[in-house]
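Here subunit A shows up in two complexes: once beside subunit B, once beside subunit C.
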Partner chain A sequence: MTPKALEGVKVLEYADFVTGPYCTKLLADLGAAVIKIEIPGGGDPSRRRGPFPGDIPDRERSGLFLYLNTNKRSITLDPAVPMGRKIFTALVEWADILVEDHAPGAMEAMGISYDALRGFNPKLVMTSITPFGQTGPCSGDKAYGLNISHGAGSGYLTPVAEAEDDREPIKAGGFFDHCCSGLSAATATLLAFYRRKLSGDGEHIDISEQEASLAYDRVEVGIFANENFIVRRIHSGIGVALAPCRDGHIVFAATGNPLHWESLMAMMDHPVWAKEERFTDQASRFKYAREINDHLSKWTVNHTTEDLYRRLAQAGIPVGIVRSQSDLVEKDAQLKHREFFTGIDHPAAGELTYASAAYRFSETPWRLDRPAPTLGQHNDEVYGGILGYSREQQVKLRQMGIL
Partner chain B sequence: MKQNALEGLRVLDFTQIWSGPYCTMLMALYGAEVIKIESEKRPDRTRLFSVMLARYYEGRDTSPLYNTLNLNKLGITLNLTQRRGVDLVRELVKVSDVVVENFRPGVMAKLGIDYESLREINPKLIYLSSSSRGGTGPEWDYAGLAFMFSALGGLSYITGYADGLPSKTSGRTDLIVGMTALFAILSALIHRTETGRGQYIDLSSSEAITALMGDVFMEYAMNGRNQTRQGNRDAAMAPHNCYRCAGEDQWISIACASDGEWRALCEAMNRPDLAADERFSGVYARKENEVELDRLIGEWTATFTPTQAVEMLRKAGVAAAPSRSSRDLLADDHLRQRGAFLEIDHPDMGRQTLVGAPWKLTDDQNGLIRHAPLFGQHNDYVFEQLLGLSPKQVEELRREEVIY
Partner chain C sequence: MTTALRPLTGIKVFDFSATVLGPTVTRYLADHGATVVRIESLSHLETTRIATPYGGNQPGINSSGYFATHNAGKLSITVNMKKPKAMQVVERLIRWADVLIESFAPGVMARWGLSYEDVRRIKPEIIMASTSLQGQYGPYASHRGYGQMASAMAGWYEVTGWPDGEPVGPYSAYSDFIDWNFLLVSILTALDYRRRTGEGQYIEQSQLESALQFLAPAILDYEFNGTVAGRMGNRDPYAAPHGAYRCLGEDRWCAIAVNCDEEWWAFCTVLGDLPWSREERFQTLAGRKANEDELDRLVEAWTCERKAEDVTAVMQAAGVPAGVVQNAEDLFGDPQLAHRGHFAVLDHPEIGPYRIATSCFHLSRCPNNPLSPAPLLGEHNELVLEQFLGMTKDEISDLVAEGVLE
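After this line comes the complex of A and B, so read on.
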């Protein structure tokens, strides 16, 4: 099989739920060897989150866990006890990269801070992911994903409002914001790892999920700082119509570019309303965007999403269909052609369809080689193979509750 | 002292607008020499106009928007509609490591500077094309902007109020795509250190969004159900919402994952009756009665500013944060103490305050970050020092509108 880009990179994951596991999933799917440490007993809490086939809870069949942990190996280990810590440091010696998501100070309390671990592996790249970072007055504050999305500013800009209203800001759907922070953490990790390949220097990366999210809103924040304007939910979608169709919604932008506007008007048989002066001038169209959208909606609602998508796209107008999950899996011709969804069998959950990745490399494939691990599935392989414990020693460790 | 992470790496940046420029700016912030290629005929449109503000900028060097997305880069002007302009690109490719472009699909091939044409002159080259739908398939040449990536990618469908429309998304979508591009480039660079070989990367911006919500498809794969919009709510936590506070457009987010946190919230609200109320006993009951639960919490938060409410909840050990506007973020003490913002002097705009790099690496040259290049600012350095042309040759190329 063609080697992947990160073949040979060794990663230890001591993180759970979404952000940390998504970070290492990105690495594992490109070929890194990822060993995931799970707490003996229950393992990663995402195993309890679901969704489950037939809605029957089963820690080996949680959709969230299955997606976030493809291509990884799982071991059970409790690094908080002395023997567990010893095993943890042996794994750190093996690893190039450690990704962890414990509260600031928690790793130190267990005797496995970056400074301590450097003694075992001076070239270690360690990525620590926390809601607010390792330092600063709020570093110890409790926060769930919801609080990070709002505390970092992305919530305040969502949903992009169609009209002035007075409803609460919201977060992006699902675990999207978590995954975006995981992507930042993975990118930071590769950046430090690349430097290490050239210079031999290790690194401790402090990922604040708040700052990872804030960075994606640098334009909006800069607008207040330098142009004295607070971007609110009403401002982000200017010039973009969200228009109803017979079978769903499309979004498109035709008011700005004069050529696009002309094409659209031709498609609509040059409606009378559009001949008013405030609609013929480009700058003025931005000002009256809402009225324009009302006019356009009366036209779009008589068509199907697919029909308008093809026609507007062929005219060069930026357009998209608001796609549901079933649309994407079943109907999207482009994703089908690019084989974006791919199947893999799992011993407990069976064959399921998974989303892949956005990048196609000419030399090094993205590939699902193994499904998410069952809890402790690779204990033998890791304890026996990599660390060289005898079967007898492994049994003892299990009896002590360390594995 | 450690060297910068991407020290010694040279990047040719053909990108425009938000997404591509953010990817290459990150490379520049972490030490790469990024050469951004524009021209009289095709200046980056963010130099000229801000759609969000419906504002035109004077000249080409007064746009804060361009500045915030192009820090630390070098800027040259090269007319790619002239043969000699393209020849100079090929010269630059010989001494570069990475090319990033987000032209309309097909344009680079027409110019003769697509990956297939350039790999011959530099087999170590890593070349990323970023497009709306990816470079293959029936929609390979469709144009796209950020809000389409979210619609086509599936994010709009799951983002919004439970009783409302799907949400368009803000420009951050573009920057997220830019981060995905950088992740892919770094993977290829690491591979190159092992093999000495470069490669081509075809990035689909709409797939980038789908890949960041891949977990949502598991419910469909397992049970055939589509997840729809749920506002701020969570399947396994209650309360889990954003509540109105005193003041205009002021809100606080509150989430409780356990009965203990719920009781702590009741205590902070001085409502022991709610902690004892059967309707809210256990997360299952709280989910069942979430509308009433949210109404009661909202009544309490409305009497405080977000700062006051957060302070009380923080002491009680309840997870809470204001829904921060850009003004709130810039004033935030925690972010300021962590150095999340930068101040940079710009020759035509004066002092600019900007969000810094998304994370810091030891010995990053944060203090030395330069403003975005003025239009054509580094023509002399790139054409004379890097490519070894004489000042006379450069002058001639200017006159003939090649360096233009």
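After this line comes the complex of A and C, so read on.
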């Protein structure tokens, strides 16, 4: 079997829900050995959040958990009690990297702050994720994804309206903010890990989810920095049109480039309205974008998304279909050709289709080696194998509620 | 300015990318210590060189504030790829580099004789990364598009917006804004693999495949139940109230997220135990979800008489997650971001001092501030050709005479 890029790298995850587990999922998918610590009893709260088959809650069949925890191992452990803490520090000695997401001060209160853990493993790279960072005037504030999205400024720009609108700003769909933060945490962790090999020093990384979400390019930040102008939720008229079709929507941009415009007009059999002078030159077309879109919509609505996509793409016009999750899995010929989706069997949830990686390596290709673990699935392997506890000792720890 | 060693000190990057995605990757590589050389050309100006906003409102190829943001800390050389001798410079840059990143339409690099196979013949251990809209191969590989198209194809339009509205999508060229970090992760991983094995490799990114990663959990809902995720505005199936509520002032809002009964009780206390908040139907999550439209109206009746900052303060004091919906001006005045030093000021020879966001994470032993402003077009031709590539003055004069360095 081909090697994986991060083979041999050891990661301990003491985090839950989306952000921390997404960070370690990226590392696990790249080949790191990830041990996920879950609280005895309920485990990761994402196990209690759907989607579930038949919408029936089942901690081993949460789609969110299954996606975020592929390629990892799960153990149960409560590091908040003294014996649990001792086991935790033994795992820290084993690990190269620790990813945690506890509120500022919480790790210290448990006696497992970065300074304390360095005593067990001076080369440890520890990545701490919190909504606003470890220190500062708002570091104690509580925040969920909604608050982070809006606190980082992306909500204020969403959704993009065609005209001035009085409705509230909204967040992007899904767990955008948490995923951004988990992805940035993975970047930072890899940088620190790379440096550690050169310098021998460990490192403590302080991730603020607000700051991480803000880093995803925000045109309005640059505009304000240069022009003191506050961008609002209004379409900036860059010429990308959303157009209704018989079976959905497409987005396309044909008003700018004169060649694209001519191709489109030919496709539409040179409609009479387009002969008006204000529609014939490029700058003027930007100005009258809304009227043009109204005209175009009357044409697009008679066609299917696939048909228009094919014809516009052939003409070299930038175009995309507004796709749903089902379209992606069922209809996208490009993703199918590239074998983007892959299946793996899970003991409780069965055979499921998963998205593969965001990148393709020539020498160390991505692959799904193991489905998400059941709660505590790897207790034996980790407690017995890595930590060397006997069966009797493990039974005792289980009776004490530590694992 | 500090000279402390950074994680990527000594790593050499040949940046053959353009616009936003690639340059954001190399900006991070530069911030964390790599030496990044960008190839540009006077004959085919990089889009963001001539993109607004302009620093100091002075249009010019060296004063785009957008370019200045994404290219701080890099070096710029100009090479006209239409000239045959351009390849002399490119080949030497490949020999010099640890990492090559490019964002041309699929096929362009191969036409220049610069496919990965060609490049690794020049430098076997190179890490080469290509990014394109839908990947280097497959039936749609040649299709053109911006971030808006990749975002729509990846599913973002379908899930962002109001339930009763059109699929308007998130702002601007959205996929470009999230995809860069996936490419960065893959390059850092390849560097680590090379350090351990001595082997380089080729990384291929389809921007569509990267852009749909964050929404991938919803694919399992379709797998399980045939359910297709739709638009929910700010709402969440597991929480209520959960929204952005109008506050005093023009376009001022507070985002409040109540995720459990404890937070609901604290929320009611902050509101002063208003009679409606004690109604039976609002005492459970199921009840609040069933009556969410009315709940949102009642919450907003309270928030709209108060300033967003004041609502945030009283909610947070009671342990209720709340925060101002921040616009760009708020971000620059945000005390927490200021405490973390999120924005820095660089001094640019044409723009003057300009504000810039720094790397979004902090390593305890390494600074992360950009070490220099964005380069002027071709500012480092001599430095790079002479010192990095070892060309003689005569060789460089020949290239100048033949218009290669334009």
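Everything below uses one rule, namely that the second predicted complex is superposed on the first by the 397 of 403 C-alpha atoms of A that agree within 3 Å, B and C clash if a C-alpha of one lies under 4 Å from a C-alpha of the other, contacts with A are read in each partner's own complex, and residues count from 1 in each chain.
Quick note on the criterion: a contact is a pair of C-beta atoms (placed from the backbone, for glycine too) under 8 Å apart; a residue touches a chain by one contact, two chains touch by 3 or more.
The structure presented is a predicted model; accordingly, all values stated were derived computationally and were not measured.
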item	value
Overlay on subunit A: subunit C relative to subunit B, clash or fit	clash
Partner chain(s) touched by A:Asn302 [first = subunit B, second = subunit C, both, neither]	neither
Partner chain(s) touched by A:Gln282 [first = subunit B, second = subunit C, both, neither]	neither
Contacts of A:Gly256 with subunit B and subunit C, given as first, second, both or neither	first
Contacts of A:Glu203 with subunit B and subunit C, given as first, second, both or neither	both
Touched partner set for A:Thr342, first subunit B, second subunit C, both or neither	neither
Partner chain(s) touched by A:Ser390 [first = subunit B, second = subunit C, both, neither]	neither
